[in-house]
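Each in structure tokens, the structures are laid out below.
What follows is a pair of complexes built around subunit A, which joins subunit B in one and subunit C in the other.
Right, the complex of A and B next:
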């Protein structure tokens, strides 16, 4: 137990170091962007109306002061860390003065909801069918599924999403093609709103399932194919243990460990958002927020989103490292 | 058996859940509980609004403008329509009459309408106008703070219907700030904003409106906004033209262009803001109820904006007008039109957009001058203008587009423009050689012996039409032996354009009122006093950083005359002649916006035949369509 505590502490320090380095790299990259948020704001503000050129310089100066961009680089860096430690990323420059944390807080439930469900469902279905296909190698149904999954897996996500959009949004328009819920439905825990959210998430979810299933399916099928040739499985078959029990207790259980690692990392990536899904299906989320921030030179927003993502992925890896010795007896901390 | 029954039950449950989810889904793109025949659904091209509950349009860049706020809820003193207008191009909106200046243009007096009320029942008065200006002057960093602080000395309100602006210096175009061309300075409600501690940080979450609609509901994630017609719409300036027909307006983010096409075909989007030409052709072919500005080709509404190839004239290689003209004579406008708009472009040989009332005043009126215009290449004199260019484009499209292509010369001119500069590589060679350039093998060299390299900066996927035009121009130059490279700026375009970080950029530095002949809207900013030094940020809109003593003279003369003075047109023509001789930017075409209205639920949208308003739904001017359209069902 002591060894485990030491191991856990070491891993936690590593986690902190990874997060610190990751956020610093993000800080440097975002501040090296050639997009000047003040210039962007001035351009947007003067794009249509009549603005006398002599007014633009005073506009620039006011904005620099308003956005807090007047200090030295060191001062700005220290201010940034002071705020990060209390989970405050300051005001968004492209949606000034709304706090970045508010924008992220509004977007993240959509991303986590959709991608979390999609990741878990894809993982369960892919592993289940992959395990069955690896064990029942003569099943035509599972072979057929394997072919379909393999065919869909390499398809670029964008193409799959567009095909779904055209089929279910235009040719047979039975699913909503845009937004997170129906317009003018009050937000809350009512069955009407929940159903509306479920309806709107169906197409994006389906697209993520179709493209994501193949990876888990193929991985699990290979793992199971190896496990079924192990002596203990052959012995269990010869001893007359039922096939179902061999599959669930002997084969799948032993094959699942690497897939659990994959699941944890995939869940960590949920916090990065799914930009193409959000763009194609007009689904609210953190991916679009990030891209909008990049285009507007809004480094407060970009840093906020990337920090959440860095912490999410690092935390997922930490958790899996911590629980791995507990779920797989073959792994020891020593 | 028991297990099979369990599986069956699970299957039935999953199936019924799925069916329950999908069955009513074909109505998901429209708002719940709002009758479709009372609702007009329009695209908000800003997409998803990050700061969804922010309606303080006076704070800079904080929120959405075209989510219905400026089209349906706000109002200001005057509007100029880029086309013909609902009752002429000029509309006295909150003002009762046109602005009245003193002789030295240091004072502007405005008479306001009475009987106009905010949606919360408070009467609109001159105090609101004064407060709007004072608030922004006192609070640096607001959208129009710098502009007003630079221009306004004081605002006086002798009574509830009179406002007197005392200006810091003569300014005959001061009213432009309160005249809508897309937007303007909107009037703020004094009784609301005077309670705000810091107007820069006041969200105005429950906006009171001054125009005919008031906020009904909106998506906290910023994807849609629904506005409801005010019960007292008669107490707004729009009521002069009748009752706005739609009881509700929904401004939505329908997503990428493909989805806008699908949404309109599914009758979930009445007005598309803009789509790619290919999407326009699909709607024209497959959705008979879709109507664009033109009945047939080129469909799109020509915005009073002039996409151009803009030279950075501070670079040594572009300081000589012979070089700029040589590059112009290498451009094949027919190829550019096909590459950018698939032929659906309205071309312009001069530095004025071929839209609104400009063609009659400038393009058609100056045909003879253009035809006689000569360039001396050093070896000979050429007349580069080809007045048949637009006709040639129309003729080349006719075999594939049939009778969608007009054949009447007047219709061709309206749709495709007039003439353009005919490609002349020989003249280009002579001009470049006169400027000291020389060709070695297949490569042009600059006078200093280094290769003639041109970075053509384009925006990329976000603006495919301009990007395709830029690629075609670069290709023409490359074929001639100039090392022209396309440089995709993507999100950095605005920063690079202001910083002068380009050789040639595909953008626009010419924008006009469209409906009014005064060119000061863009031209004033081209004065040499505003040209930034190399490396410094250039204020909009003289991105080419070009200056000329004759231009300054024209600008200063325009500043000294009234907005409606006919002399302004003569000075405008002088500008056209100067810009043609100097060619600081290569004018290409108007920015044709493929705004498409679906007539399933509403009819009477503005078109080229009935050009009473700008149909492009993010323009403040589009509000006039609300009183002209009629329900169909």
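Right, the complex of A and C next:
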């Protein structure tokens, strides 16, 4: 227990460090862009008609304060961190005057809901089938599945997505091709709304499954076929331990550990994966928000989305790391 | 032993019949590479018995077929290894084909209850992510006919016999030292008091001090339970120390078998003589001579007696005919045409 506490504490410090470095990089990059958001806003606001220079100057002044661009660079930097800690990223430029945090808060459930579920579902199905395929090497069904999964795996994700869109949106139009839910259905816990959300998530989910399954399947299959020849599995077989217990407690249990690490990494891809998926399927998540923000030069939005992704990804990895000793008790030792 | 622990599938034990009898066993690796058949005759016509309450040692150099023989008897064969001919008869099981051809449910009942196994490389036979206690439960619970509390008490009592504290049950294998792990595997293999234990190089990975302790423990448990043990190692020192009878293997065949002291005192086969004479002795500092040549390939073994290319006594007959195993003294069998000449030579 003591060893675990030490391990958990160490991992937590690491998490804080990663978040700190990540946000700093995001800060530097956004502040190094050639687009000055204040001048951009001023020029947009003053593009039509005549504005008095004093009015422009006071507008510039208030925008600077709004964006936290007053004072020396060090003051700006400290100010930025003060605002990050209370999750205040200022107002969005492109959707002025909505605060960035409101926009992100609205988008996050969509992204986490779709990509989080897709990632975990892909992981579970891929590992389960891969594990069975590695253990029951002679099964024709599992062999066939392996071939299909392997054929789909190298396909670029957007191609698979677009093929699905063409097949189910155009050739055989049974599923909605865009959006997160039907426009005219009120939000809430009504069955109609939930059904609508589910229907809209079908195509993106299917596309992620199709492309993602193969990797987990093949990885787990080869892990299992290695574990099967380990001494402790052979020994348990010689001891007459039941097949079922060998498969679950001896084979799968030991093969799964590296795959859990893989899951942590792929949960990290939820936010970056969101970019393409949400773009192709017009899904109202954080990826779409980020792309819109970049196009509009809305750097408080970009910074906000980036910060949230950094924290989200690190948090997912931290959670996996904290449960990892349950899967492999050897990690707390080192 | 309670009545519930007895296995209904088991035959009533005969008083002094062998626990396992192997007759003319042949087990080959049959490979097919690029359309060419290749047969590796790792076990080629072996006959021997392991009696009740004895430790039968099996010695021989690497690639002499020891491990293959053990795998075949334990029913741990995987393709391309297969039984080509011969019989394996267990006292606790009907039928003569051993574990490989017996019905699965019978095999499941016999394993660990009547026949257990201490494996080569015992360091890695425990599941690294399972607590020792859980492994005991997996392996032995269904054979013991006890409730959980009773089972745990029995395990703790048995661990005490190998000088292990009850706390190891809560430990993971990586938290134990090599010697402790080895004792755990011995406890695991003996908890059900099986009639027959196969031990395949169980102490090879341990240093000599730990090895001595473990062997002594093994011996005392075996004496207490009156089990029969088939003990395989290439280490003649271990054989001298532990086994009651000893079989010497060379290139897939048994070449000599006798009570262990007789093997060391009066070896009749030239190969056995080389093995014994190569052992260092206290006070004798003459250089030891190694055996000329290399062990033969089992895929293409020499004709006749397989030892003839390395044998100083070889005659024309040895090159052509396979010498049969013949009794030369009580409990002493040798497969050599020139055994009398060998014995006459100092």
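Structure notes:
To be clear about the criterion, the second predicted complex is superposed on the first by the 280 of 334 C-alpha atoms of A that agree within 3 Å, B and C clash if a C-alpha of one lies under 4 Å from a C-alpha of the other, contacts with A are read in each partner's own complex, and residues count from 1 in each chain.
Operating definition for what follows: contacts are C-beta pairs under 8 Å (C-beta built on N, C-alpha and C of every residue); 3 or more make two chains touch, one makes a residue touch a chain.
This one's a predicted model, so the numbers in the text were calculated from it and none came from an experiment.
Contacts of A:232 after superposition on the shared chain: subunit C is touched, whereas subunit B is not. Within the superposed three-chain model, A:253 lies in touch with subunit C and out of touch with subunit B [touch as defined at top]. More residues of subunit A are touched by B (comparison of subunit B with subunit C).
Once chain A of one complex is fitted onto chain A of the other, the partner contacts of A:111 are absent, as it touches neither subunit B nor subunit C.
In the superposition on chain A, contact of A:122 is made with neither subunit B nor subunit C.
In the superposition on chain A, A:241 contacts subunit C only, with no contact to subunit B.
The residues of subunit B lying in touch with subunit A in their complex are 20-23, 25-26, 28-34, 48, 50-51, 54, 59-63, 140-141, 143, 145-147, 149-151, 173, 176-177, 181-185, 200-201, 217, 219-221, 223-224, 226, 250, 252-256, 258-259, 262-263, 265-266, 490-492, 494-499, 521, 524-525, 527, 529-530, 537, 539-540, 542. Those residues of subunit C whose C-beta lies close enough to touch subunit A in the complex are 74-76, 107-112, 116-117, 119, 121, 124-130, 138-139, 172, 174. In the complex of the two chains, the subunit A residues touching subunit B come out as 34-36, 39-60, 62-63, 65-66, 92, 94-98, 103, 106-107, 110, 162, 165-166, 169-170, 173-180, 182-185, 187, 195-196, 198-200, 202, 279-282, 284, 288-289, 292, 294-297. Listed in rising order, the residues of subunit A touching subunit C in the complex are 230-232, 234-242, 245, 249-250, 253-254, 257, 327-330, 333.
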